[in-house]
Amino acid sequence: MDVGNILVWAIWVGAAIFCLGSAVAVVSFANPFFSALALIANLASLAVLYLLLSAEFVAAAQVLVYAGAVVVMFLFVIAYLGGEADAPWAGGPTWQAVAASVAAGALLLEVVMVIVLAAGDRLTDPADIRGAFGSPGEVGRLFLTDHLLAFEITAVVLLVAAVGGVILGAHSRRAEQDEVALGEPR
Amino acid sequence: MLGPDVAWYLGIAAALFATGTLGVLVRRSPLIVLLSLELMLNGANLALIGFARQFGDMGGQVFALTVMAVAASEVVVGLGLIVAMSRRRVELDVDRMNRLRG
Amino acid sequence: MTTTLLILLPLAGALLVWLVPWSRFWAGSIALLVALVEVGIWVNVLRTFDFGGELQHDQRFVWFSDLNVTYHVGLYGFSLWLVGLTVVVMAAAIAYAFWAGRDRARAYFGLMLFLTGAVVGVFAAQDLIVFYAAFEAMLIPLYVLVGVWGGPNRRAATLKFVIYTIAGSLLMLAAIVVYGVEQGTFNLVDAGTSASPWLFLGFLVAFAVKAPLFPLHGWLPDAYRQAPPEVAAVLSGLVSKAAVYGLIRIVLAKFPEPAQDFLVPVLVLAAAGLVYGSLVAFRAPDLRGVVAYSSLGQMSLITMGVFALNGAGLNGAILHSLAHGLVSTTLFLLAGAIERRTSTGEFALLGGMARGRPALATLLLATGVIALAVPGSASFAGEFLILSGVFDHGWAWSAIGAGAIVLAAMYMLRLISGVLHERPGSAVPDAALDLRPGELAVLVPLVACLLALSAWPAAVTDRSFTGAATEVVRDFAEFPR
Amino acid sequence: MAVGAWICLLAPLAGALLITLAGTRISRRAAGLVSTLSVAVAFGGALTAFFALLGRGAEKRAESTTAWTWLSAGEFQAGLTLLVDPLSVLMALIVSGVGTLIVAYSIGYMHGAVEERRYFAYMALFVFSMLLLVLGGNFLLLLAGWGLVALSSYLLIGFEHERPSAVAAAKKAFVMNAFGDAAFALALFVLIFRTGTLDFGGAFAALDDMSSTAVNLVALGLLAGAVAKSAQIPLHTWLPDAMEGPTPVSALIHAATMVTAGVYLIVRAHPVFEAAPAISGLAAGLGAVTLLAAGLIALVQTDIKRVIAYSTMSQIGYMFLAAGIGAYASAMFHLMTHAFFKALLFLAAGIVIHALVGQQDMRQMGGLGRYMPMTRIAFWIGALALAAIPPFSGFFSKDSILASALAEGGYGVALLVAGLVGTFLTAVYTFRMLFLVFGGEPSPFVREHYHAHGGKEGPFSMTAPVATLGVLAVIGGWIQVAGLWHPLSDFLDPITIVDREHLSLMEPTLTQDLVVAAISLALSLAGIALAWLLWSARRARVPEAAAARRTLEQRLYFDWLYDRVFYAPAVAVANAWRRYVEDPVIGGSIDGIAGGARGLGGRVGQAQTGLLRTYALAIALGAALLTLVFLSAR
Amino acid sequence: MRTPDLDWLALSPTLWLLGASCVALLAAVFLPRGTRRAGGAVVCGAGFAGALALAAILYVDADAARTVVADTFARDRFAALAALIVCGTGLLTVLLAWNERLGRGEFGGEFFSLLAAAGAGMVFIVGANDLMTIFLGLEWFSISLYVLCAVGGDRLPSLEASLKYLVVGSFGSAVLLFGFALVYGATGELELTAIGQALGEGEAMGLAGLAFVLAGFAFKASAAPFHMWTPDVYEGAPTSVTAFMSAATKTVALAVALRVLVTAFPEQTELWTAAAAALAVASLAIGNLAALVQRGVKRMLAYSSVSHAGFMLIGVVAASELGGRALLYYLIPYSAMSVGAFAVVAARERELGREVTIDDLRGMLWERPLLGVSMWTFMIGFAGLPLTGGFIGKFYVFSAAHEAGWTWLVIVGVAATAVSLYYYLRVVLALWTTPELRVAPVGGSPPREAALQTAVAACLAVTVGSFFAVQPLIDLAQRAADQLPF
């Protein structure tokens, strides 16, 4: 086991702990604002893992697009709404919480089991990869050849979402105006 | 490949997915529910990228990229809805949204 | 072609009545006209029918080919008689409704015509899917006719009736699917026989509910009590006979072995229903209750005839189907006439209606005594054949059947006396009129049909299972010897 | 000959239909005339056939004529067939002849009653039914007529349908007859099953191929039918109640014709009974028992018509006795004479009742002879005939029966003893009635209520038939004297000839005849004397014997027994089924299932909390479960 | 660089609808205020009509199935027929939505734009042939539908429904996605046929993926127990959107599920048929039982749609050409009945200005004979009674199930039908019953809507017509289903 390997292991362990810890934080914080911040941390740690998996472009996109844009949008909204806190684990375990834990635990166990079953078999020996693997150029090439349709449709989905967002936003504006017009106290 | 096998990454992916699931199932704030959904998608993404590395096939990475876009789209619509509801002074608690039931 | 015409003409009439905004009078007139034309067509078919020949007036084309489903209709001797019963009973029911006047006449008469087409479809069907379609299509108008124009408890009664009967026929659908897929065709003429007891039971249960057979008659009393009289007439007189056709055309023809295997259980149920229905009829507190439960008894008897599995039983079943159809139609229409005059059917409130109302008394009496199968009547002829047929399987069946004749006498006489005799009941106003010409015009022909049938029952029994029809029930066409 | 038979059959039917359809368009009197005329035409038809038969040899005296096949199933065919042979013609003559007289009598008797037209239509219908019964050429038609006479009997007993007792009696009569019909039908099922035919000839010819059990069953069924129709023990309780009907109805149906149909049936089906000697013996035994029981009960009856009714039962008992021992001609002979004198008695009683405004209780009567001498004569003739005093008709016929019983020997002797005791009883109750009604001083009731019909005892339409019957009751017996001459037996030969060699003896010797005649005459006279002592001269007191009297007044508890054993349980079972099975189980099961389904639906609805967390949870759990199953199924 | 072979005809219905969506969006912005809605509707209608025509051409042309655009899209009749059904549904929905009260009416243009977009997504996904395009197509139409649900903006239930749909839908998508990831992990392939070839029978990861995928599709098809969003969303969404969802989403979900299962999981047929059978039974039981106690018509119809998912899954269970045929045939009358029934509800809703309960339908037959008779027919069709295509549909799926050896499913289906009669017939009877107390419509009786009535009449024609014209429809379905690799 060479140094590089140990280093990578170390990075992996750190990223993994950070990733899982932040994930738990996301679902545990009472205040959505902190949750969103935790998600940023989570996404960042994921980006590290992506890098370890030779997915440079995806890692970059993760940081720029996801953490930089999506979560920031979250933060804006939370700030705008003044996110109300709720205590997730307060009031003792409800049957819903118990069942949820069971479900999540079962899913985790099953997937882990599947992975373990495959781990000794097909997941031991990763393919050799060329240098271009995970590079923006390669991603771009795929988007224009093999996955052209996916690429185009991603654009369409974003467009639809944008239109939807606009409509919903307009909605809420109108609703607010109506209420102001009606003179109701805010 | 340096570092742990892909299987270890997949373990993280599964844990992320499960954590996200738990978040969706127990949290009452719709914002945190949305965040938990992001966790789930990211778990899937990590799995996709891990497999992509395993097979040396970039398809998984491309998939992950599109998933990001999709996640963003969902967030846009979701946040739009939440804002619209809060403007109508609906308490932001998914447990209060039970007018429709039965 | 003529068969198709018999099916389509009333359907077309129904559309005509529904779509054009006729007045109440014209809607009724058109419906009646169509019904009478049906009778005319049928008479013409009867005149030219070759009873020794093949399946007649049949028409066949492919409906959908991959499962070999065909539109195939045609008439055997016994179907012809059942179709005849249909056109006559429906004409009477429509005429009565026309006379009595029903709200929302267009809808009403359209439904009645639709019903006519569906019932003819059942009796002419030579394909399982056509049969099933018509069998169910029959229920839709009935459901509405009872549910909208019925008595005060009509909603519960109709839901019960329709759900019960459709639940039964859904089992048949399952059986049809399995049978048809296994046979590779759904055409009754092409399909062979099957030895599967489960399929047999699927069909049997459907028909047992429809007939009804004890203990599957839970829908019967309410439906018969709540329906408008002419609809109750159609229900008990006509719709129940769909079960008879089904039993003969499908159960016996296609499942000869299970029919023999299940002979005893079926006969036990039929005998139980016969005794049970007759006894309950004997204590029923109202006019319609008696007729309803007597229908249970009589249908059980007919089932007995079918499951006599021989020529006598089958012929008797058809003959008794006709007789019972006419009898119970007439009785329900009479019940309607009585209820119009007294607003009740309770025996406790009725009585003494014979005095000064000779037409009512005569018709009720005549129908009543035919209903109790007085020897010499058409019902007697039918019962006689049925019981002589079922004697094949042991004297006890015939003995029970004969005993039920005594019970029939008891409840029918109770009905007759309860309405006609002794002191006038508290609900019978002195001013209650005798039957009006309109009612007579409906009832007298029905009774005349009954008398004609009584004078010559062999007209039916000589012409039911001859020619190709013998092939249909070839395992059971023998007279017991 | 066939034409005569058809006219005979159809004329009354036409009359009935005509009256029914004409409704109020014809007058009441016209209805009566139409009815009488139609029955008279039937008599004419029967006469035609009769004379046609007379000219033929014994072997050619049966002719059948088929209009169309009435009922069929495959090979089995039963035609609408009339059989014209001496037996049926004799019966047709009696039915239509006596019928004509009685319907004519009714014109006077029913005058002023409500719904007279209906009455005459029913009467014509009855005659038609009875003629169908006797002329029918196969068992099925016989059964059809059998049922139709029960129907007309029902209609006529319940003619005064506003009287609950009349309605109840009518129903009772019909239902008990239905028992008989059912038994009859069962016998026919056996016949069909074994022989495939119901034609008399065909069925009888096939008897040899049948097992003795089957034959016995057939005979038993037929006997049960006959017993019900002829009001023999144990199916006799309807007949006394049937006296609720108008008196002419009692005369025609419940005395002269319908109730004797059982005898006709046995005679008609004699090959069956000959092949089943045990059942024949049973028939004879039942006849003997009935004639004794009815005679005893008649002793204590107070209703004039009921006395005659019990006497009818008793006399039919004689006929059964005769038929049971194979003395068919004697049975038919007695049937004929009985029709005459019993109709006479009923009609005379009818005149009495008519004159007393419907009063039937003999205790209220007395001394009527003073007011109604002619009626008294008629009654005397009838009574003497009934009591078998020569030269009245009853003597000859009853004597031939008793002589045949003696000739039978063994079992026959026992029957003979019963018959002789019966003779005594007959004389007693007959003359008890006669003395109570006509003897002595007029009772207060009679003085108060008697009203003469325009100075006469009755209208011509009533008196003329009574007179005619009176003559017949006197001379009707002379056509046959047992052991001396027997034109009736000869005429009936084709019926009785078939198996003559099988019969032990059906024609008694002159010696036997004379012996029996002497004994029975003595007993009759003794009976008359006793009656005279007790009820006319009142020299002796009627013995108290309270228990016996009550037993007799309760009609040997048959009604009570049937009520407890049959009717009450049936009602109880029916009520119980209605209450505990029909409503809760059969009807309730549907509601229960529906309610259960709705309840389940409500539970499903509760799971639908409206909380999206629940929904997501369902998805998660579902996915986890699916995965688990897939992985474990691997 | 290898350029993928773009088959324009195969993509044309999608593109045409997408174009219509954009034009409608532009119309919503640039047309004068008063005409935006009408303009949007016309454009959207033209979009669906054009796509319908193009799909028909594609159907005729695609006599041999092949994949295009680098194997990411299937050019076959199966996709074309499903697209035809979706487009027909869309066209009817446009008519139905013509007068839909959306918010204060200011979003007409956008509404129709989104409707066209959703339609485009659906038309696309039925042809999608790899995991990525399937996932994207799914999100495409789902996101459109989330927004469409919310458009009835002044109604809180709409927002609630929309948020529920969004959250639960995204959750379902995430599950599906994770399943896709596992399948990808098991094979290293994204294309369906390749997956089918690469995936070994007992491969644990593949099986787990299959389970997740099944759950995801069952969610979209609203099969129990993944159905729970259905009643709430159906009730809360604007009725025209509900109509579209109930018919089109189900069509798409089942068609795609069938394609994925048959193409990608041929080795696991035994497992997924059993699972589908379980889902079918659960759907039949839960859908029917819950529908029994509903008062609101939309909610009742939602549960009925759950139960119909069960019936159609029986066709999937058969996993045979006959089963595919049965499914495709069933979808035709089902879509018509579903859209038609919701259209009638919409008509009543617009009269009353509130949610429609079953009692509110009283007397409809007399007041609105066309709508009344149609609703009557739809209910009878849902119940699977003859003279409607619903009967033939059930008959076909049952036949397919029996042929494939699933006879007990036939019994279950039959029993479920019996239960369903209770609530369908309640509606039928209500239609005939004259109301004791006539509820005065808010602001007087609104004008009769020609567009809506046309839609209803068309649905009626399809419902009844599909009973009589079985052969041509079955031929269509047969040629389509035969192109799947059963």
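Letters A, B, C, D and E name the chains as they come in the text, with residue numbers starting at 1 for each one.
The criterion applied here is as follows: contacts are C-beta pairs under 8 Å (C-beta built on N, C-alpha and C of every residue); 3 or more make two chains touch, one makes a residue touch a chain.
Only a predicted model underlies this, so the values are computations on that prediction, with no experimental measurement involved.
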| item | value |
| --- | --- |
| Required minimum of steps from subunit B to subunit C, each step between chains that touch | 2 |
| Pair of chains whose C-beta contact count is the highest in the structure | A-B |
| Far-end chain from subunit E, centres as C-alpha averages | D |
| Of all other chains, the one whose Cα centre sits farthest from subunit B | D |
| Most centrally placed chain, judged by C-alpha centres | C |
| Inter-centroid spacing, subunit D versus subunit A (mean Cα positions, whole Å) | 102 |
| Centroid distance [mean C-alpha coordinates] between subunit C and subunit A, Å | 70 |
| Chain centre separation (subunit D, subunit E; CA means) in Å | 77 |
| Between subunit E and subunit A, distance of the C-alpha-averaged centres to the nearest whole Å | 30 |
| Shared interface positions of subunit B, touching two or more other chains | 10, 17, 20-21, 24-26, 28, 34, 50, 54-55, 57, 59, 62-63, 66, 70, 73-74, 77, 81-82, 84, 88, 94, 97, 99-102 |
| Subunit D, residues touching no fewer than two other chains | 594, 605, 608, 610-614, 616-617, 620-621, 623, 627, 631 |
| Junction residues of subunit E - those touching two or more other chains | 132, 136, 139, 143, 146-147, 150, 153, 163-164, 167, 171, 175, 178, 182, 185, 204, 207-208, 231-232, 293-294, 422 |
| Touching pairs among all chains present in the structure | A-B, A-D, A-E, B-D, B-E, C-D, C-E, D-E |
| Complex contact set, residues of subunit C against subunit D | 159-160, 163-164, 215, 217-219, 221-222, 276, 279-280, 282-284, 311-312, 314-316, 352, 354-355, 358, 362, 365, 369, 372, 374-377, 380-381, 384-385, 387-389, 391-392, 395, 398-399, 402-403, 405-407, 409-410, 413-414, 417, 420-423, 456-458, 461-462, 465, 477-481 |
| Interfacial residue positions of subunit A with respect to subunit E in the complex | 110-111, 113-115, 117-118, 141, 144-150, 153-154, 156-157, 160-161, 163-164, 166-168, 170-171, 174-175 |
| Touch list for subunit A against partner subunit D, complex | 96, 99-100, 102-104, 106-107, 110, 113-114 |
| Subunit C residues within the subunit E interface of the complex | 62-67, 69, 104, 107, 129, 132-134, 136-137, 139-140, 143-144, 147-148, 155, 158-159, 162-163, 166-167, 170-171, 173-174, 177-178, 180-181 |
| Touch list for subunit E against partner subunit D, complex | 163-164, 167-168, 171-172, 175, 202, 204, 207-208, 210-212, 214-215, 218-219, 225-226, 228-229, 231-232, 271, 274-275, 286, 288-294, 419, 422 |
